[in-house]
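In order of appearance the chains are A, B, C, D, E, F, G and H, and numbering begins at 1 in each one.
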Amino acid sequence: MTHEILLAGFGGQGILFAGKLLAYCALFEGKEISWLPSYGPEMRGGKCNCSVCISDEPIGSPQVLEPDLLVVLNGPSFEAFVPNVKPGGKVFADSSMIDAKTDRTDIETFYVPATQLADDNNLAKGANIVLLGKLLHETGIFTFETVRKALEKNTPAKRAHTIDNNMRALQLGADYAG
Amino acid sequence: MAKMSVIFDRCKGCELCTTACPKQIVAIQHEKRNKEGVFTAYCTDESKCIGCAMCAMMCPDCAIVIEK
Amino acid sequence: MEKVLMKGNEALAEAAIRAGCKCFFGYPITPQTELSEYLSKQMPKRGGVFLQAESEVAAINMVLGAAGTGTRVMTSSSSPGISLKSEGISYIAGSDVPCLIVNVERGGPGLGSIQPSQQDYWQATKGLGHGDFRLIILAPNSVQEVVNLVVRAFDLGEKYRVPVMLLSDGLLGQMMEPVEFPEIKASQADNSSWAATGTKMQREHHIVNSLYIEANDLEAQVRARYERYAQIEANEAEAETYLCDDAEIVITAFGATSRIAKSAVNKARAEGIKAGLFRPVTLWPFPKAQLLDATKNAKAVLSVEMNMGQMVDDVKLALDCKIPVSFYGRTGGVIPSPNEVLDQIRKLNGGAQ
Amino acid sequence: MAVVFERPHSLCDVRLHYCAGCTHGIIHRLVAEVIDEMGIEGDTVGVCPVGCSVFAYNYFNCDMIEAPHGRAPAVATGVKRARPDLNVFTYQGDGDLAAIGTAETVHAATRGENIVVIFVNNGTYGMTGGQMAPTTLPGQVTTTTPYGRDPKTAGYPVRVCEMLSTLSGTALAVRTAVDTVPHIRETKKMIRKAFENQQKGNGFSIVEVLSTCPSNWGLTPKESIKRLQEECIPYYPLGVYKDVDINEANAALLNKGGETK
Amino acid sequence: MAVVFERPHSLCDVRLHYCAGCTHGIIHRLVAEVIDEMGIEGDTVGVCPVGCSVFAYNYFNCDMIEAPHGRAPAVATGVKRARPDLNVFTYQGDGDLAAIGTAETVHAATRGENIVVIFVNNGTYGMTGGQMAPTTLPGQVTTTTPYGRDPKTAGYPVRVCEMLSTLSGTALAVRTAVDTVPHIRETKKMIRKAFENQQKGNGFSIVEVLSTCPSNWGLTPKESIKRLQEECIPYYPLGVYKDVDINEANAALLNKGGETK
Amino acid sequence: MEKVLMKGNEALAEAAIRAGCKCFFGYPITPQTELSEYLSKQMPKRGGVFLQAESEVAAINMVLGAAGTGTRVMTSSSSPGISLKSEGISYIAGSDVPCLIVNVERGGPGLGSIQPSQQDYWQATKGLGHGDFRLIILAPNSVQEVVNLVVRAFDLGEKYRVPVMLLSDGLLGQMMEPVEFPEIKASQADNSSWAATGTKMQREHHIVNSLYIEANDLEAQVRARYERYAQIEANEAEAETYLCDDAEIVITAFGATSRIAKSAVNKARAEGIKAGLFRPVTLWPFPKAQLLDATKNAKAVLSVEMNMGQMVDDVKLALDCKIPVSFYGRTGGVIPSPNEVLDQIRKLNGGAQ
Amino acid sequence: MAKMSVIFDRCKGCELCTTACPKQIVAIQHEKRNKEGVFTAYCTDESKCIGCAMCAMMCPDCAIVIEK
Amino acid sequence: MTHEILLAGFGGQGILFAGKLLAYCALFEGKEISWLPSYGPEMRGGKCNCSVCISDEPIGSPQVLEPDLLVVLNGPSFEAFVPNVKPGGKVFADSSMIDAKTDRTDIETFYVPATQLADDNNLAKGANIVLLGKLLHETGIFTFETVRKALEKNTPAKRAHTIDNNMRALQLGADYAG
């Protein structure tokens, strides 16, 4: 089993965090993992993406150029990365932020109004997790149980209350039919 | 007669302009995101604007134009 | 020990603390920042010193001071900051004090970019400052190896009284991988014959110094140091080989690039091309004997780097120019893809047949 | 109706990359407005720092040179000495100007170098992600002072205007802020004064502007303005620290021409 | 009869390489006398600069480290942070401390680095043959100001004590001279105070000593002393510029413990 | 023109003024001091700028500023000071602005000594700062050639928009020889397409910059620069040969050392040994073709340097490792004597027969 | 009863001591050069010396020893 | 004709100046010349020496290791350099500063109390020129005429009065019988 996952959007959208959760899930399952961020010089609002490789074999290049799973939170990234998705791959796109649609038919694309869903449910900045929920729902690569463990590992004590919010966001994504 | 207008795609929704207006007629709308995904500032009551440009002075992104 | 997920930069910092590093002096720069940030959190809790200096120049000179007392000390930076440290590094080498210098390379020249690169190979292996001197240069290619080499770096530095550089890059520094921290016995070489720790009125004063105003004295110092360098060359060169035994095409690549090259070698093998990978772990001393051995069946060597071909000369010299060496590289922060490298291998394969 | 307020000409018509609500943008505009009003865009060279404002070369419409981190005053000196006919300004952050660039700053000042320095003090290293700056306040949490800046180990903040005022070559040293419209107006006035100083050959002028960094302060833009007012201004009092005609102020020294060996 | 005055123990019994009548030698002796009297030779590390006093490592009997030009305060910081139990001092010239080393000096001071800096101001680059130093007087002829230092192009002199006094981490900033026996006694007293400050953990102490450079001033040693009195002291007034308990002086800041973000 | 006796440092300064150098920024250091001192006297009288900077770091950045306006500008220093300039030099190279950097080398590493050396060969030719870039390196061996090469340096720098280094040493800098100043037409390449001279509201603003935040953009910049480097390698390599036509033993030596080597060659010839001298005038680009030509009858090559053998690799690579290259050098400020070199030649001659 | 003596080979003949003596009994002799070729300082009238060590305080080369 | 001349002493004794005068004399006569100083870091009192090569041929190494003419003004230099003088060479030593004598018989050594002579004649610091006078007298390599030209070339206008003093010093050396 090898997953090459790319998450992409603006800085500040929680791209790296979402990738980290996936990486931790894989860690709990004893996989080989690499997680590689790439961002511009801006603190917020700049291009930001994250490559996550999960495999049973040692990982060579950690850079995901042709993802089989793409999570994408803004228009420019949608345009830049959808063409590179491997045939048979899956795309999870935040349709609150992205107007475009792809006409590729060799991949599956899920349009989730993630930002809207998050906002509507008082989960501001939760779009990343909403999309993750959808991804897990569609691929089943990790259970929500495992994600909760990853969240626990990656949430400082004084922000522990956010864990439940994030689990809610996950569920929102999973439940979204769209 | 004065007119404050926000350049939709330049506004970053930082809200600094909203604090500067002596007439308190600048606010953030939650209807439509611009291409950066931002809910932008707008003038809540054009008739009250005195064109003082305080909002524009405060805007870090030159996103406000004032006409008079 | 439990495996944890860590960025290369953070793992490096943690390994340094475990290796007994007592002082860190640095100045923020992307993409090495996490390293200092990690130490700023941990050092105060674990009995060490973290100090953010006013500049890289100050930082390297603080290193000189702390190293002069025989303390395990390190600094880290990225390309432009390393350039600023070059005078200080030359002084450290000339004063025969050990220390660890980390370069998390980024694109250059000048301000360049903040993306990963290996553009400082020449600077690290040949020109890091004025005068005749060398640094031991270690180039890990995984987060786990970062950890292992940090420990080795401190030990080597003290054994030979030389500064050691760990040459990382934006890719290794920023990526997270599972990592395990081995039990480390922080050894500390005896420095009682030279360190400036106060005479206690019980011995002659120690002088940590690189000035020898008589040319003959300076020459003697330099020659003595080169004898230690010869020992390092004889004893410490290290390389990893992968599928080289029957390889007709050997790729040479170090650090992060070697991972990409390895993926390419695997792809080439899948196509039936006899490709192998030679990865120098020590860039200085360059593992010449190991390369000769790894290329005994090679018809062509391809150096793959994230620069314009800086390692090529060392490869050629190690091979005594006997096997043609070609080059494929990307620069400025662009990471070559395994497929690009594969294409090159295919070309050479065509050419070699 | 006529446009009474819009982007100045010497500020290029492009999106600024700064974070939402970052006051770097205000300061950029003020510099550009002064350049416009003085009509000197065509004869001005700006020097950008390394820091969040590193892309200033894309924003100012005049010719621009990118300096290495901290070295803008030296680069500006090179420009000004080579081409005294040009107006030269630097635009620098606190890490740039008051940490790595300390020597270049102090010596441009003591030389009375005929340049304008716009000094944006936001108390942190914005670009690299919020490390301690020389001007970080005691107790302030940054990514390299995770337990709050403890002056006993991390040092005391540097007060730049106070320090540079002791140097004979400093003509103007003033600290302003961009938290309110009146302060913004004052800042612009001082920037103008600095450029006018340069045209008069009146030596080194520095305008220190207290600025925000919402991203690294971990606050919203509005909260950042509040912190600026409540924490920063008290520590860094606004005001004119020095404002002299350096030739008059140093007349006694200047008359020391010839050899006194 | 008993010996009542001789070379202090912590000054090695070797010929000093300084030019005849160069007051570097007096200052060396004073530092050594203080070290002897405080009984700290065995627990002291000195840091030598690059400058005429570059060979200080051959002269002081305590452990010594040679620093690159200008970087002695950084090297001393490294020593002190690694080994807070040691007494650490630097001995630096004006080129070293106030030109190339400006950033290191200012930041050691602002950090309240617990070290002693002996600053020998002779208004020139002695070692390299008499070029202009940052402290060269206006009008003074040097090998790089052959027509006399013109502040308009070569800048104004830096007054170091005045500048460093503005920094919160500076505990002691004092300027003395070694032109007369009373001044020599005063200098010694201040050097002692600086070392005592360090033992009390009272931060950064600098003793600026106005010194001569007969060779590069082109004067005899006696004429040099006269010039020191008539030209240098008036420009660089002697006195205590700052003398505080930094912990008390900055109590308000230090209490800002914890996170204030 | 009348011949005058001048120190290498002074002649260099005078030549620079005649070549139209308008600005000098430097910081005192032995053994380059006379150069700045000369300019401090002359520049004010001859319409130029002399400024003693607060440090070498400041000086090189002033050079960047002045060069950015398209002005002919230079700086000079000696080994430790050059190390301090390395970040700035990398920026200058990355910003594509021309300038002249003089290194009057002394013994290293660290503070070293103030005697002549050639220990910065590697730094100059390979590692002067971070990132992929090159400087043109010119190495004169007489006061007269110093003068000639200064003029060439400015012209080359502007032609290719690269920084140029004149690599001198304490011997060349301090020695006096008779020298003649040729009539120099100070040419100045057209820089109107890039220099920051004020837009006059008549063109787009010019940006002098080395930052390219997109890795692909940076790579494109670097590759474009390497195309210029390729032209330089093709067109500008220069060497002097002496008695090489029939030489069985060719000495390679640059700068001051080549004079000693020449004396040794003369002595060897007097003994009937077929010795010759190959002297690279440009160290980068290294005159490979010229060396191949000069060694067509050689059985052995001996590299003589005032360092631990830094040029040897370049010689071997130029020869494609086909002729054995041995090395004789003194370091730390010691100047080899002609007799020492002669001894080496004799040994090789014995060995070669 | 006090005695000022100059360490012959350490004295550089700079004359600074001669200016410091309150008794004006320190001078430079022009008889014999030391190994550096220097005419050294000496006490012109030992009986007048009060051992105040002012000469020694002024000497940059620790070339004066005072006994009392 | 080739002369390899070494002048040696302390800094401040005018070693370099004396060498420069010789070099200028050679320049006036159209010779090839090299002049190379060597000194320590001290401004005054440190070791200082100066190599002057004068030849009809281009000069290779400018460093004089085995002089045929040695001018020496202090004891340490006398000991260091006299052994290296070429057989048949000449040494000019300031005997006011140097107690030692050499027992080499294959060279000619002239002991001139140059410092004393200069002091006695109110020519403080003129020992270098006194020895030069002796050298010229014994070797005849340049005329006093030529030296005067060299002095004129190397004396700044406001110190022009020193030229006559220096000519006097030359003569003193030439006249010294010893």
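By our rule, a residue touches a chain if its C-beta (ideal position, glycine included) is under 8 Å from a C-beta of that chain, and two chains touch if they have at least 3 such contacts.
From a predicted model like this one, the values you see are computed outputs, not experimental measurements.
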{"item": "Path length in steps (a step moves to a chain that is touched) from subunit F to subunit G", "value": "2"}
{"item": "Comparison of C-E and A-B (more C-beta pairs in contact)", "value": "C-E"}
{"item": "CA centroid of subunit C to CA centroid of subunit D, Å", "value": "38"}
{"item": "Inter-chain centre distance, subunit B versus subunit C - centres from mean C-alpha coordinates, in Å", "value": "53"}
{"item": "Intercentroid distance (Cα basis), subunit D paired with subunit B, Å", "value": "27"}
{"item": "Subunit B: positions in contact with at least two other chains", "value": "12"}
{"item": "Sequence positions of subunit F contacting 2 or more other chains", "value": "30, 51, 54-55, 57, 80, 87, 91, 95, 110-111, 114-115, 209-211, 213, 335"}
{"item": "Interface hub residues of subunit H, defined as touching at least two other chains", "value": "41, 45"}
{"item": "Of all residues in subunit E, those that touch subunit F in their complex", "value": "50, 54, 66, 68-70, 95, 99-100, 102, 125, 127-129, 131-132, 134, 143-147, 153-154"}
{"item": "Contacting residues of subunit F [partner subunit C, same complex]", "value": "57, 79-84, 86-87, 90-95, 105, 107-115, 117, 119-120, 122-133, 209-223, 226, 307-308, 310, 313, 316-317, 320-322, 330-335"}
{"item": "Contacting residues of subunit C [partner subunit E, same complex]", "value": "22-23, 25, 49, 51, 53-55, 57-59, 61-69, 71, 73, 87-88, 91, 95, 196-202, 205-211"}
{"item": "Contacting residues of subunit B [partner subunit A, same complex]", "value": "12, 33, 35-37"}
{"item": "Residues of subunit F defined as touching subunit H within the complex", "value": "3-5, 30, 114-115, 171, 174-178, 259-260, 262-263, 266, 335, 337-338"}
